[in-house]
Every structure is written in C-alpha cells, then in structure tokens.
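Look at the two complexes coming up: chain A is in both, with chain B in one and chain C in the other.
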Partner chain A sequence: MWTRRTLLATATAASLAPLGRARAAAMPGVTATSIKIGNTNPHSGPASSYGAIANAEVAFFKMVNDQGGIGGRMIDFITLDDAYSPPKTVEQTRKLVEQEGVAFLFNSLGTPTQTAVRAYLNSRKVPQLFISTGADKWADPEHFPWTMGWQPSYRTEATIYAKYIQHEKPSGRIGVLYQNDDFGKDYLLGLKDGFGAAYDRMVIKEVSYETTDPTIDSQVVTLQSSGADVLVTAATPKWAAQTIRKAAELNWKPLHFMSNVSVSVGSVLKPAGLENAAGLITGAYLKDATDKRWDNDPGMQQWRQFMAKYMPGADLTDGNHVFGYGVSVTLMQVLKQCGDDLSRANIMKQAASLDNEEVPTLLPGIRVSTSATNFHPIRAMQLQRWTGSTWDLFGDVITA
Partner chain B sequence: MIGFLHQTLSGLATGAIYAAVALALVMVYRATHHLNFAQGEMATFSTYIALSLIQAGAPYWVAFVLTALFSFVLGFALERLLLRRFAEAPGLTAVGVSIGLLLIFNALSGWLFGFTVKQFPSPFESGGVVLGGLVSAHEIGMVGVTLIVLLAVYAFFRFTPLGLAMRAAAANPASSRLVGIRVGRMLALGWGLAAVLGSIAGMMVAPVVFLDPNMMFGILLYAFAGALLGGIDNPAGAVIGGFAVGVIENLGGAYLVGTELKLTLALIIIAAVLVLRPAGLFGRIVVARV
Partner chain C sequence: MNARRTALWLFGAALLVAPAFLMSGYRLFQLTSMAVYAVAILGLDIVTGYTGQVSLGHGAFYAIGAYTGAILMTQFGWPYWATLPAGGAAAALVGYAVGFPALRLTGPYLALVTYALAVAVPQILRARALESWTGGAQGIVVTAPDPPAFLPLSQDAYLYLFTLAVAALLFLLARNMLSGRQLRAMIAVRDHALAAEAAGIDIARVKTRAFAVSAGITGVAGALGAIVVQFVAPDSFAATLSIALFVGLVVGGSASLPGALAGAAFVQFVPNLAETVNKSAPGVIYGVLLVAALYLMPSGVAGALRRTLPARLRTSTSPGKATPLPNKGATIHVD
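Right, the complex of A and B next:
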C-alpha cells in the first residue's frame, strides 16, 4: 500500500535523479550565494564566560564575508544560547536544524550538552563539527561518523604527560587524583595509553573525588602518604586550587601535572596562591595572548589585527578569543577543500581529510591532521611550567 | 601511623565546617520546627556580601560584624515578609518555599557576583607551618570559632529569658501566646539568628573551600547528616555529629571503602543510628499527646 510518506520519499528520490536540480536539494543550508552554519554556546548562566568563543566566531565570519565570503558564498552564522543546559541544547539544536535549516553545526560547546544532541545529529546525518569539548569520545568515526572534536582530548593530554614522565622521570612513583566522572577517567585512560604495560608499576595510587565533596584534603593526604613523587591532577578549577594549596600546606612538592582546564591564573592559581603553584606543569596547544614571546609572531599579529578591527574593546588576554579564531581558521580550510560541493557528506569527508594544516594561533609545530579513521584533529602539545608569575613553555612538542 | 593522624585531623577540620552549618540548621529547627533548605545558599550570599565589604576596604572584623548584622536583617525579613504567609500551610509547603529560596539565592549570587571561584581571606593566617603541616592555622581558628558559637547558642537557649521564650514559642505556640510571648516575633528572631550563624559558617568555610555560588551545595548535605546524627534539636549534638561525619568520612574513605563510597559509608552509619535512635545520638525524644 502506498502511504503518504512513501509517496513523498519516492517523489524526492525521483527529483534527485537529474543532476542539475539535485544540487540544491542535496545541499541543505546552502544556496548559490550563502551557507548557513549553526552553533550553540552558553551566552548566559554559569559557563557564560565561554560565550566569548562564539563572539569571536561571529566576528571572524564577518571578516570572511567582508573579504568576499568563501567560494563566492556569504557565511550566515547563527549562534544560540543554551546556558550549558542539555535540555536547552536539544531544543536549540533542533531549532537550528529543523527551522533554520543550517548546513551543519560548528564548534558548539560542552561535553554534557553535545552528548545530548550527538545521537540526534548523527541519525539526521548533520555534521557536528569541531565541537568545543575535551572529551575523548567524540573521536568515534565508526559509531558517530558525523561528530568530530577539535582540541586535544583529555586522554591525548594525559598520554603526553605519561610520555614526558617516562622520558624524564622513569623511576617516578605516580599518584593520580581524578574527578570521578568521564572527564577524570579520560585521564586514567590516557595514562594507560602512554605507560602501556608499565602502568601498574609506575602508578602507585589512584584516588578519586566527587563534585559533592566539600574538600579534597583527605585525598591529598592519602596521596602524600602513598609515597608518590609525581602527581597527575585531573580536577576542575575549584578542586584544582584546593589540591595545589593543600599540597603546599603539607609541604609536599611532587612533580605536579595539572589538567589544562584548570590552569587559569584568575580562577585557579590566584585562589591557590601564586607561589604555591610554582613548578606546576600543564600541556598547551594555543599561543598565549599575554606571552611576550608572540609579540612579533606573524600568526598572532594576524590575530591582533583581526581583534582590533572586528572585536574592538574585547579582552585581549582572554584565551577564548584565540581559541575561536583558531578553530574558525580550521573550518575555512575545510570549506575551501569542499569547493562547490557543500553537501553534508562532503563537508564531513573534507573535515576528515585535513593534511598537516597550519593554524596561526596554534603553537609552532602543532598542526591539524585528520583522516577517515583519525577524528582527533590536534594530537600534540607542548609542556609549560608555572614560574610563580608566568607560564613558561619548555621542551619539544610532544605527540600522543 | 602519621597518615592516620593526618586523616583524623583533616577529618576534624572538615568536620568543623559541617558542624558550623549544622548549628545554623539546629537554630532554625529549634525556633520554628522546620528545616531551612536555603540555609546554605543564604550563607553563601552573606559571604559574598562580606567579600564585597572587604574588597571595598573594610577591615576583616568590621566586615564580619556588618555581614552578621546584614544576615540577621535578611533572615528576619524573610520570615516576616515571606514565610509568615505560609504559617498555616502544611509542613510540605514550608519545605517547598525553602527550596525555592535555595534556587533564588543561588541564582542571585551567580548573577550579582559571577561564577568564578574566588579566594576569601582568613583572619587566622600565620604564614608558617602549624603542627608540621597537619592542620592549617585557619583550620584551628575555625574549630575555635565553631566551639565559641556553640557555647553562645547553648547559653542563649539555656540562660536567657529570650532563649526560653523562643523555645516555648516553637514547642507550644498557643500556650506561649497566652503567657504573653510574641510568637511571631520569636519565629522571625529564630530565622534572623540562624542566618547569622550561617553567615559566620560561610565566612569560616570560604577560605578553605573557596567562594563560588555553589560553595554550600555539598556542605549542606554533610551538615544535615551531622545534625541528624547528633540530634536536630541539640546544638552540642549537632556539632559532635558534624565532627563525627568529617572523621568517619575521611577514615572510611582512606582505609575502608575507598573514596568513591565514603559519602555512602557516612550515610549508612547515619541511617543505622536513626533506625536505632530516631532522635539522633543526643536528641531528646519528644512525646506528643494526640
């Protein structure tokens, strides 16, 4: 029996057949003169400081349009507020896909929020491209071929720490403090990747904390008593600050690696005590806008010119603007590679065909590469150490 | 052995946090026979006021006293203007209203002061290492302040006519009114004093856990546990309960069940105590004629 739905499907399939007319139908969100891109970001609520990323992207695409757009098409970038709340993310994402009819979603932010829309976007075959989260699970082309992250994942970061420790302190006794959720556990996985069979010998103590724990004093005491002389802390800012301070109070000075989500001077190091944090090590992949060494760097000069013209008055010390610029440059490369075929399938295919691309705001030596099986665009970092007043890059770029 | 000592002392220090908040819960319970779920968020809000005063240049103790006064007015006004209207409503309504206040104060703190973690100064900083780093100077000071507040609360209820009147108003409003106690004012006074205790707890806790709008979220859970363990109508019991929860949690987490289950362990012990002694370890069993 012919139902209305099968009839419609047949009609669509029929109209797809002649190639000339097929283009428009097969390229949702794309016209001869424009391409519509969607994004969700916390413009309000507890995580609203990340809204700066989307603001930088709005400004970036304005710059692109002023320069003639991409392949003759103007970019229509729509960013909606989800307040970092997954139910809102679902609502806003559906609005972008079903009402606005965007070609794809770009750099939407947050692990819980993007988890909430991953199945929806994959079932509708809408690219969920270069999302702003460090979870490792986005690189799963086998099950979620329409989803890809951008920044180095927590797991990649931990693997890099393990490689450094193995090289510099092969006899180290390692303690790990991790938040008892996907974020913290990604670090355990990364250390296991890095140490391999040596993991059980190297890591002598793993201690977790819950985000309901008012303090983590007990955990730090346990780690110190275990005799560890290397500490890897996978904690969010509040607990990171507590860990740094408690270790200093205990007069315990391990070689301390800190998750790079918790190295903000204002919200972690200052509360913990700038002196207490001296010697802290973390991984970096972006150029720091406050670091004097990039004053004459062509990449950062390009970024500064952009900021001066398109975001006048914005905070130049806010790393979110550097991040937003870098990820947008990467997207431009993808769209350039797409040429005139801006179908969703081709956008995803080109995103997975980036070959050692240079991005002006990434540290020298860190490139963007993807393939059909590698959905981790950035897999390298350089370590930096807190001197008590600044972050100081040292050593070579390490690839996980 | 040294590790065991560390865990015990650090448990006592954390316990002092729970005890301080538990005291505020007891205060409001004794005055109104209700629990105030917004106690923690009100305390956080007061702590932000203190921080603003200090940043504006007020000396620590001046800010401390001003914040306590502000909190008293806030608690008093909330009871008079808001909770009064639900006095005749079922008990569940009071719970609902206090949870509503929790959300309002949490959002208000974030909206007015931002969500970034902030440092809060301690009046007890010595700079040096105390007791070989086993506890910090602030933690010792915090235990001291908690004990002083406990003594003050005890003396207030035990020895002052006002304290007696408040107990009477909570226990038997009708008879109290007949002997001339202004029951309504007593309830508001209870809320005001509880808010003061909460604000003191907030100012003592913030230097340890750092100040952010959700500072009290986890602490309130443990403070409830401590208060119930010791007896929700007994200030001394609540303080002992708070310390006990801190130590049990630390030792259990470090030596028995691991960090993942340490809260569970503390809650199981509390459930066991409540099954055997429903009024808590030190609570009075109330017999009501119906």
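Right, the complex of A and C next:
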C-alpha cells in the first residue's frame, strides 16, 4: 500500500542514496563505525603452521576493538584459507574484494600465492599490504604501486651479511652455496649489492644445488677445496642441515652465514648436530620469545600480556605469533596516520610514509621506514651466533 | 515427447547461460572454476569410472595442460583458444605413455604409480633445465583474454561462457564416445578383464586409449584453468589436486557424466562451506562432510539421483550403470 509516508520515505532514500554511494565508492570497506580488512593464509594443508600468524592477527584486532577500535571504527578482520594453493588464493582474494568488499588486503601469505593475485589487486587499485614473503620482487612501486612486503627480503639479508664481512673480514675468501631458484638467487643479488665492485674479488666460488639433488655433499667439498674461509649458505632447512653436518664431517670451519629461514633449532640445528652448528651466524629482526634477555623487555611484556589475554593456551615459543603481533602494530600506525581518510589511495600513501616507527616485537634499533620509492619497510637486522645451545645476538644493528 | 525433450534441453542451456548476466564477477569466477573441474573430472571418469583403472595422478595431466597453455600463450604468442587443443594433446601424449604400466598393474598398484606422477610433476616443474620455460617456482603469469569487441560482456562473464562452451563440447564428445561398442568394451575391461579378453577385446588397446583420451580431456581442463586463474605455479598443482579430482569423481558418482558436474560442485564449494562452519579446523569439517556424502549417497550424487528420480526424467547420459551388462562376458558384441 502506497501511503504518503512511504512515498516520502522512498523519495528521501532515493535522494540520499547517491550521496551514500559516492562516499562508499571513495572509501570501499569503510563505514562510519567500521573498517573491513581481508587476509588469505594457509589454515589447512601442508603450510598450515603459518596459520598461527593469521590467528595472532585475529586476536590482535579483537584487542584493538576491545580498546575502542581505531579512530572510532571497529576492525572487521576476515582471514580466509587458501591452503597455499594459488588458484584458491585467487578465488578467496576475489571473494574478499568483490563479495566482502574489504578496504584492503593485509599480510596475506606466500610468494606464489601472492604473485597470483598481484596483477588483479593492482589493476583494481586495492592495497596488497605488508604481505608475508621474503622475496625481493614485492618492492617495485613503479610497476606495482599497490603491493608492499614487510619483513626484510632475502636480498636485504644478504646485503647485510656482505656489509658485515666487508667490515670484519675484508680479506675473506667467500664461497656461496645457494638453492638454484629465485629464493637462492635473491641472496646472490644481495651480496652483489653489498660488495659492489669488490664482489668479483671477494667471492671466489659460487655453487648451486637443486632441490632434486639427493645430497649436497659434493657442493660442500667443492667449496672447501676452493679455499674459501667464509661461507654464505642460502638454503632451505633440509639442505641447510646437510651443509652444516657435511662441513663438520670435513672438519671445515669457515665463518658460516646461514639464511634466516633455516635456523630453527628443531628442523635444522638438531638434525645437523647442535655442536656441529656452533659458530653459525644468521640475521634476526624479531625478538625471540624463548630468549631470556627479553624477559623484562617492555615490548615483549606487552606481547606476553596480549598472548595471555587474547590467545590463552597458544604456543609461546612459536615465532609466528611474534611476527603477527609486529606486523599488526605496523598496520595500526598506518591506519592512525590515515586519520579519517581511509580511501585506498590514502592507505597506500600512508603505508609508504612510515617514518622510523618503533614496533615492540622488533629488535631494539630496528625501525620501520618507507617512502614513495622505498617499499622495503624493514631494512635492518642484527646478527646472532649459535653458541651450541642458544642464539646469541652480537654487534650493532646493520642497515642494508 | 521430442518437443518436450527439446524444451528441456533449451531450459537447461538457459539455466547454464543465465549466470553470465545475473551474477557478480566473483561468483562467476567460482562457477567458471567449477566448470573447469567438471571437465577435469570428466577426463578422470573415462579411465577410472568407465574403464576401472584407478588414477590418483590426474592432477599431473591437469598441470601439463595448464603449463603447455601458459607457455604457448606467454612465450609463443598463441591465442588463448588455440592453447586448449595443444594442452590436451600434450597431456594425452603423456597419458598414453602412462597407459602402458596400466597394462600390467591393477588396482592399488596402478593407483600408486599414477600417484607417483602426481607427486613428481610439481618437482619437475621447478627443475632448472625447464626453468626458462616454466619460470621455476615463480610460475607464469598469464593475461586473461578480453571479450571480443562486439560482445558487450565483462571479462568474467565472457570467460564463464567460453569455459561453458568448451565444457559442453567436451561433454558431448564424451557422450558420443561413450556409447555402443566402445562403451561396452570399456565396461567389460572394468568389470571382468579376463572375460573381456576371452570375448576378443584388445585390452591393451582399450586401456591405453582410455588413458590417452582421459588425460587429454583433463589436460584441456588444465589449459582452461590457466586462462581462468591467470597464473600457473608448481604449488597450484600439488598432489592434493589429484586427490581432490578423485574425491569429486567418487562423490559425484563414477561412470556418470552428470556425476562429474556434481563432483565438481563438491570440489569447488565444500571446502569453502567447511571454512564457514569452522575456521580453525576446516579439514575436519571437510572430512565429516565427505564421509556424510559417501554414507548418504554410496554411489555418488548420480547414483542417488538415479534411485530417486522417476524413470522418465532420467537422462540417457549415464550409461555406465544404467545399461547393465547382460551375463558378463557371454554376450558382449565386439568388433
């Protein structure tokens, strides 16, 4: 029944609708009281241990909402399972953008999975913010201005090793063992960045391996016989363990730098022999939750309180929770800087305008900085040495 | 009766085409993916459902089709539609080769050999020797085709209709192939190989051909998938893909063409459903749903439909079980 009142109401609604739409179009995923953020992560399948990162983020945003949200808006964080399968990532990312209408994607995980959606997100101008991958290619604002990583890239890490070697062992003869794919090659590029013109003089041997090789023994022997006294190993865990073990068998004791994806006590050092690994050096940027030195650290206390209240029962030794907390704090800074303009363009602009931000779970002295041309938020690391029983931080923070 | 049949067909076609004009991009993408899975499962059905040779390695054929398509498009500048037959042919060739061990191995042994293929292919795709073509672990980014200028369609709608057309064509081809003498020979090999041989069926030929055709169809699905997803990488074709296709085949109902469609719906939508039920343990929910589906429909969706639908509504496209063999081995007419 059309009464005058319904007619009036309809007319009013119709006249207001364009206004509402205009606003929604300018700031998709954002209302006066909420902001919707999307994420894909492997919650199932072989890579599902990374799901802990997204779980920490869900808990983190719950904490933020309990404390009143950000700028009066509650955070609606949606994380979907892609099982680390690129086709699934495309589907879930499209669901988040087109169905859920998220403002942006935050800290989605995986190099192949995020490669699959990079073109889609950039063509739609949806921020693909602080993704979880160490590949260096994400920092490419010229071609992909809507994509940004967070953690130090493999290339950054290798540059830091080069800087340290140049400073501490300028006459070192360096051997490089790398996995023959983009992961391993990023390390070669990083060493070249770090050594510059001195690369050809300092690096006396580059040896690669395939993940299909049955063992890595012959590569290690080749490197030893080349006379190298410094070894940079860019290997994934299984190969890292083999390298450490083989070098010990050969009684070869180079100054050994190991890719920081392969320094887990359980999956690398124990299989290699804890004693064999003594003296191994790697780069770190996050505080280690199991390291006693952070027991009274305000940043880690803040993290522990969060864990106790919002993730009771979760594994406190799992570094993924520390990572998830750190990257979420970085995002909060971006949103704070955005103020009331939560348009996608401004979110990206603010993400690229971080100025030396402190993050409680990053090592002291490591800050987050970005600019219109620097899409590497974390460019510094501190080295740590395996003592045979623990990782021991030493020296200053080194910036790539 | 004939008019009614035509009307039914037209209605069905309209039902399939309608989403292109009614649904959003993301939903269309899901339906397109489902159509791609349906083609892949159709391929698997030919060798496993109809010929009885269990394959847990069809994800490998899918990957071969996808990579062939992606490489031809990005490095040789082939038009997207031309990559489909090429992807199918490449997969069929490999399928034919795999068909030979199938001559000696049966049941679980053959399943393991094909599974080995599924495990090996992602590794091979990462190999250095192939890297200049495959892009290694990084994979290949493919640009999806835009609709022809004269069609006022979005890219998603166009891809959906294109996939639908290819799927319809392949289902029709399969339907024609799975009839008469050939069908009976395949079913005889499945149900009683010894009797089939005694009846003069060339088992070797039936098996290797079934493998080649089956792999070829799944390969076309792979090439389609590469266009739809616009990306291929070794991680896209993990061994779990082969298992997913097998699950789709069994849940949909083996030896049934509509079953492939139902199976594809399961593969596409049930993991999402599981995730909405419980985010922290989607695998458990998926498992429960899978067991429930098999318990409630032991012969798949197609089997359940056969039992419940009145006879006159049944289509004639499910001949595997619908035309039971009279006295196994005794009265099969071959050649």
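Note that in this section the second predicted complex is superposed on the first by the 378 of 400 C-alpha atoms of A that agree within 3 Å, B and C clash if a C-alpha of one lies under 4 Å from a C-alpha of the other, contacts with A are read in each partner's own complex, and residues count from 1 in each chain.
In this section, a residue touches a chain if its C-beta (ideal position, glycine included) is under 8 Å from a C-beta of that chain, and two chains touch if they have at least 3 such contacts.
Owing to the predicted nature of the structure, the values given are computational and were not obtained by experimental measurement.
J.: Following superposition onto chain A, is the placement of chain B relative to chain C best described as a clash or a fit?
T.: Pair status: clash.
J.: Counting only touches as set out at the top, which of chain B and chain C does A:L231 meet: first, second, both, neither?
T.: Neither partner.
J.: In the overlay, answer first, second, both or neither for which of chain B and chain C A:G266 touches.
T.: In the superposition, A:G266 contacts chain B only.
J.: Which partner does A:T79 contact after superposing on A: first (chain B), second (chain C), both, neither?
T.: The second partner, chain C, only.
J.: Touch test for A:E249: chain B only (first), chain C only (second), both, or neither?
T.: first
J.: Just checking: does A:N180 make contact with chain B only, chain C only, both, or neither of them? Give me first, second, both or neither.
T.: Touch status of A:N180: both partners.
J.: After lining up the shared chain so the two structures overlap, which partner does A:D213 touch, if you call chain B first and chain C second: first, second, both or neither?
T.: First partner only.
J.: Look at A:V90 in the shared chain and tell me whether it touches chain B only, chain C only, both, or neither; answer first, second, both or neither.
T.: second
J.: Chain C: which of 9-17, 27-35 or 99-107 bumps into chain B?
T.: Answer for the clashing stretch of chain C: 99-107.
J.: Is there a shared patch on chain A that both chain B and chain C touch, and which residues make it up?
T.: The overlap between the chain B and chain C interfaces on chain A comprises residues 45-46, 180, 210-212.
J.: Enumerate the contact residues on chain B facing chain A in the complex.
T.: 2-3, 6-7, 10-11, 13-14, 17-18, 110, 115-119, 129, 133, 136, 205, 208-210, 212-213, 217-219, 221-222, 249-250, 253-254, 258-260, 262-263
J.: Spell out the part of chain A that touches chain C in their complex, as residue ranges.
T.: Residues 43-46, 55, 79-81, 83-88, 90-91, 94-95, 97-99, 110-113, 115-116, 119-120, 180-183, 210-212.
J.: What does chain A use to touch chain B in their complex?
T.: 45-49, 180, 207-215, 217-219, 221-222, 224-225, 237-238, 241-242, 249-251, 266-268, 270-271
J.: Going by the contact rule at the top, pick out the chain C residues touching chain A in the complex.
T.: 24-27, 29-30, 33, 123, 126-128, 136-139, 141, 143, 225, 229-236, 238, 240-241, 271, 275, 279-280, 282-283, 286
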